[in-house]
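Shared chain: subunit A. Partners: subunit B in the first complex, subunit C in the second.
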Partner chain A sequence: MSFFSDDRAAELRDLFFESAAELLQNLNEEGLELEKRPQDEEIVRQVRRTVHTLKGDSAACGYQELSALAHELEDVLGREAAANSNGSLAEVVLIAADTFSSMLSAYRGNMQPPAGDELRRHILSLTQQPAPAPHRLQASFSWPEYEQAVIADAWSKGETVYNVAFAIDRQCPMRGAALQVIRNAVQDCGRLLAIVPDENALTDERDVVEVSLASEQAEAWIEKRCSIPSVTSQVLVQRVYAPIDAYTDDVLEIGIQPLIPAEATAVPVFQPFESQSTVPANTETLLRVDAERIDALLNLVGELIIGKSMLHQCIGEFDKRFPKDPLRGKFADAMAFQSRILNDLQKSVMKVRMVPVEQLFRRFPRVVRDIAKSCGKTVNLVTSGEDTDLDKSILDMLAEPLSHLVRNAVDHGIEAAEDRVKAGKPAQGTLRLSAYHQGNHIVIEVNDDGRGIDSNKLVAKALECGILSAADKAALSEAEALDLVFHPGLSTAEQVTSISGRGVGMDVVKTILQRLKGSVSIKTAPSAGTTFYLRVPLTLAIINALLFRVENQVYAVPLASVVEINRIHEKNIHRVDNHDVIQLRGEVLPLVHLAGLGRHSTGAHRMFAVVISLGERKFGLVVDHLVGEEELVIKALDDQLVATDLVSGASILGDGSVVLILNLSGVVAKLGRSHRIMMEATA
Partner chain B sequence: MEQFPVLLRKDHKPIRYLVVDDSVFARKNVAKMVEAFGGEIVGEAGDGCTAITEYDRTTPDMVLMDITMPQMEGIEAAERIVRAHAEARIVMVSSVGYQENIVAALQKGARHFVQKPVKAEILYEVIKYVMGDDAEVVMPAVQES
Partner chain C sequence: MARELHIVGFRIGRETFGVPIAMVHEIVRVPEITAVPEAPDYVEGVINLRGKIVPVVDLRKRFGEAEISSTRKNRILVAEVEHKMVGLIVDAASEVIKIPEGDVEPPPNVFEEGELNYVTGVGKLSGRLIILVDLTRILQKGELRRLGEVAQSQLAASA
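Let's look at the complex of A and B:
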């Protein structure tokens, strides 16, 4: 690395971490495949290629520990591993993926990587399983020049020279001490002529210690003396009969029967680079770009859109002032052209940020497998709609809530096999992850065929914890009862008593979805399973919005959630169960009043009801005037002083005025409920 | 504890051990194992100085020596014992973290090392190895494979 500049090295390292993450993901997937088809040699070859690439890459970046470990794994995979491993190979591959991943994160944080001893043990157990075929302790006995001279000297003096190779017990905890014990043992046998490696510390990749000694002892005695428990696993003693030169050049391979079923102990031999096929062929057409740069680009596009609406407004004024001016037509043409281009530009930039949901889904086979295994269940994961595109930042934020839901579904939702059979369900549980478009939203479904959520228990629990009053309970709809799952206090309480098991952290799911301007809803039926619907907008940055006025303040709501707009009159409003509702083509529609929290303004003035859909439900938003439809660039309101649940952001209109974009789920929850509570208080 | 074939000295007397460790529990633990191998504890010491005087008093066949101890560390004790008694068989008992100390002790005459927590089967093999020709396995019914 030293001949690269620091910048270049850092860039290479970044690239390495990125591609290594990709490789580990592959490794995980291959491991899972292998678990299904343990005999498939093709998968083993794939695994081997992946490990090989990882080995090469990490060595190139100077990450020796990782490289060495990958090498050991690769080595094991070479030997008819698929045929012999009876399924444990998959386990080893998965453990390897974990180990590599923790090493990588250590490297990333510039820390000492974990030694990976667990993985070593597993690799070892793999190699011990095949029937004891004659193992080969490979030793080269090629000595450096000075040692050659020493050996030749001893030889010429008529001393008996032995070459001894020690295979270090891979389970030996302290390799440096092991080397010292070997030195001591050799000195007990006679005069030490040469030892490789010469350093005091034995490195991890070194498994064989080669020694040349002059001794008067018999071969058998030396062998006994050198078979050191807990240090060596195999010893090869060889009397040197021929002049030393004969041994210097070529590698000797001596097949011997192991006394104990010891592990194979080949010296690290560099594999020819036979497989580079895991590197995608189309690398040249792919460009890796920092997400920040794209965000900056998108921000500029956003400013352009504001500019466009400013221009639009100016032209509007120009039109009014000079209605006969021939320039108007030209302006209009130019304007139309510009907005078309701007539209395309915006779409292209958005597309750059889009990534398939697969990136999110692909981690789950492993997660599901691990959790299912740890709680003794078998769960089949079915995914669909992986190619649905979603904004990268949304995707990243969804990872946490989604894995929480998946964990819950496997851990608590799906019953133990015997319970399932008792309930007449297949012993194997099924977990479905699917993604699909719905209007301007993406819906991600997490569906299990487990025991479902018992809303009665939830309500009972909520009453007990004082989250819900008895009066509330009466007014509670089924959906609202299920929503209690997301109540932070409640979920913790449940965890303690483990009544229905949907544990802590569900409130986090809800919070994140709200932050994403999305929503989460539940559908469940006892013993038929539970489905969580996560709805998120396609993108966070630019929306088509409907602008309207309430008490002379302009607000906006995403156009995508507007179903229709109706003119309503005060006399059409009915009161049912403390809700203001209107009847719309036979459907009862609850109303939400933005104008204050008390009774809406007096007088029989005309209003509009903007019908919005929120998840499965519909509401009528009562507004005074409609302003129009506009493309808005959302600016986040990070400031704690202005940010509220009710507003998801703000935007600047063409005339420079600020418009607040309503967070519909927040508005409905807050105004709908507080309104009701107020009504109850006065009643 | 599993059964081990009894390991005796050439003269068919029990192997005599000196166990050195500042933790009473560790001493008892090792002592139990050693007794299971048919050995006899002739002395115990909780620090390096006592270890040396105990060695002089009992001249055991085998010393099992901890590394980290108050007053005098295991390495120094091992070194002094070996300097006075070249034939002393000392096995260092220590955790992985003290590899350098173990190497030093081995260079100064300790014969072998055992990692803590001590596993009986490993300790047995190590003792057998260090005793070498001076010990033999009695009870041929349970042959070592």
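Let's look at the complex of A and C:
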């Protein structure tokens, strides 16, 4: 390790973590594959190659614990393991992936890695069949979500956390009181963080009690204090070096990441699976580039586009001034050439930022399997459209909302097997993830064939929580009722499970989609299932826009959402249900007045209606003058001072002035409504 | 030798204010400003500063100056506040003032009351008073919202 300078070593470690994340993803996929075809020796060989690479890489970086463990695993895999493991090999591979992942997280945070005893035990059971079962206390220490947060919190405050497992004496005369006795004993040692089972009495099947404890005492002291004759037969005390120890085969994906504050754990993330990039088949032709460098490049392209429009304007003026000058033709040629190249340049840079949705989808087979397993369901995951390309930054932000939706679908959406059979559905549930283009947007669908969302139940719950008043309820449309799903703190789940049910997730989904200038909609039918549509823009950087003038200020809207433009007259505007509308080829088109957006008002009578489509609906924006069409480089507005839903960004025109790009859904939502309210007030 | 504070001085109304020179990026003439809908009253809009879009706050409105006149002397002070660029419209800005640290007094109690706690000190320079302000506080959104509420409640009380 010390062959290298510190800088070099740090660089090497970064590289290692990146490639290790990829290897773990591979390991996960191979494990799942192995589960389907346990006898396939080729997969076993693949697993072996992956583990071998990981072993070599980690040893090179000086991570001996990981390397040793990988070595043990590799050894087992050599001995024709597939043939005689009767399926448990897949399990071991998956556990290995998790163990390695938690070790990596610990290394990354410069902490002592977990010992990986569980994996060792599994490896041992593979080699020696039947397993050499010395009666050993088996504890999984898998805590529910909330308890994990508590533990992580205590841990982050620098308290020493212990996992303690009690084996209840089988001859214990007072099983009912045993739990209370244990509780008391633990509280004598320190602060009780979590206890499983969390009931008042012990059931007959259960003879292990697991406790998490924050204490200043030493392990031996706790062990002594907790050994209660004739209640416990055995006590196991483990010091927890990182909360990530909570990773076990039961609760995989909600392990707490070290260094993440407790509130962040309310929104579980799948960190171990993140930040992979495409798996290189031929590594030589692939280049790893920091996303920031690409962004810088894109920025420069943006500046160039602004430069182009400046030049364009100059040439326009030149044309006017010297209409007969032969230089005009030359200028026009040069200009056309330059814009063509610029176009190509822009497309190439954009393409660098685009990555296939597959990168997002590939983590879900494992997630679905684990959640399904923990709720005792079988769920088949079908993905399609993985090769759809999406901007990397958008893709990264979609990971979280998508995992919430997937969890919800598996945990709540899809029913238990017996209920499904009763309802005449196949026992195995199906979850579909698909991605496809739609205009300038990408749509990602999460579809399950479960019980669907009961909007009545939602409304009832909303009334109960005081989110909705009885008066609101009457005016609620079906779509609005379904939208309640996204309300923070509202969950129809009767029971809060470790996976979902706290009503936090859906709120996150909506917030993130809004931040991405996208939208989310739901389609559901009782017992036929639910589909969520996540709609996001293709890219956040450059758009074709229509420019128009309202009250002497220029605004822009994305050209992709403009359907047509019509000249309209004051006299053609009708008022229906307090909405201004016009008739357009027999269709009724609601109008949205942009006047009043700016500060100066003019009384223009001639105007245009820019017809925009927003999802399924169409609206007419009333504007004073049309300016033209231009390619705009979107720049974010300073969010703190000038944050508004009405504007999604700004851009700079050829003459150096700033144009605001309207956020159409915000404009329609706000101005459409405020107009109605204004009308009601005056009526 | 006493240390000196380097201050960019600017005028609003009849008073001279000052901010540390390190916070000020540049001083520019007032260009065309694009108004942003729904922005607070004191936010004039955004400008194009060599390809960067920078929000502009009218400090005169923020300081509750009654008469706001646009003259050719008006300037925009481009400052970096919490890693973000922001433009501040002032009546005039020109001088860099050097004040010995000893000549800066803590703000008198008058300033600490109510909304004006963004004054960090008062500098004395040959008979002139220079009010040193904390731009971060001036631009804080929470602060301003509270001010708005105060104003509204006063309105409601007087009505």
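Here, the second predicted complex is superposed on the first by the 454 of 683 C-alpha atoms of A that agree within 3 Å, B and C clash if a C-alpha of one lies under 4 Å from a C-alpha of the other, contacts with A are read in each partner's own complex, and residues count from 1 in each chain.
Note that a residue touches a chain if its C-beta (ideal position, glycine included) is under 8 Å from a C-beta of that chain, and two chains touch if they have at least 3 such contacts.
Just so it is clear, the model here is predicted, and its values are computed rather than measured.
Who does A:181 touch here: subunit B (first), subunit C (second), both, or neither?
A:181: touches subunit B, not subunit C.
Going by the contact rule stated at the top, is it subunit B or subunit C that touches a larger number of residues on subunit A?
Subunit A has more residues touched by C than by the other partner.
Regarding the shared-chain residue A:70, is it in contact with subunit B (first), subunit C (second), both, or neither?
In the superposed model, A:70 contacts neither subunit B nor subunit C.
Contact-wise, after the overlay, does A:225 reach subunit B, subunit C, both or neither (first, second, both, neither)?
first
After superposition on the shared chain, which partner residues are touched by A:611: those of subunit B (first), subunit C (second), both, or neither?
neither
Once the shared chain is lined up, is A:435 touching subunit B (first), subunit C (second), both, or neither of them?
neither
Do subunit B and subunit C touch any of the same residues on subunit A, and if so, which?
None.
Taking the touch rule as given, give the residues of subunit C at its contact with subunit A in the complex, in rising order.
32, 34-40, 43, 45-48, 51-55, 57, 84-86, 139, 141
What residues on subunit A touch subunit B, complex-wise?
Where subunit A meets subunit B, its residues are 173-174, 176-177, 179-181, 183-184, 200, 225, 227-231, 260.
Which of the residues in subunit A end up touching subunit C in this complex?
303, 306, 553, 597-599, 635-638, 640-642, 644-647, 650, 652, 656-660
Touching subunit A in the complex: which residues of subunit B?
Spelled out, the residues of subunit B in touch with subunit A are 96, 99-100, 102-103, 106-107, 111-115, 122, 125-126, 128-129, 132, 145.
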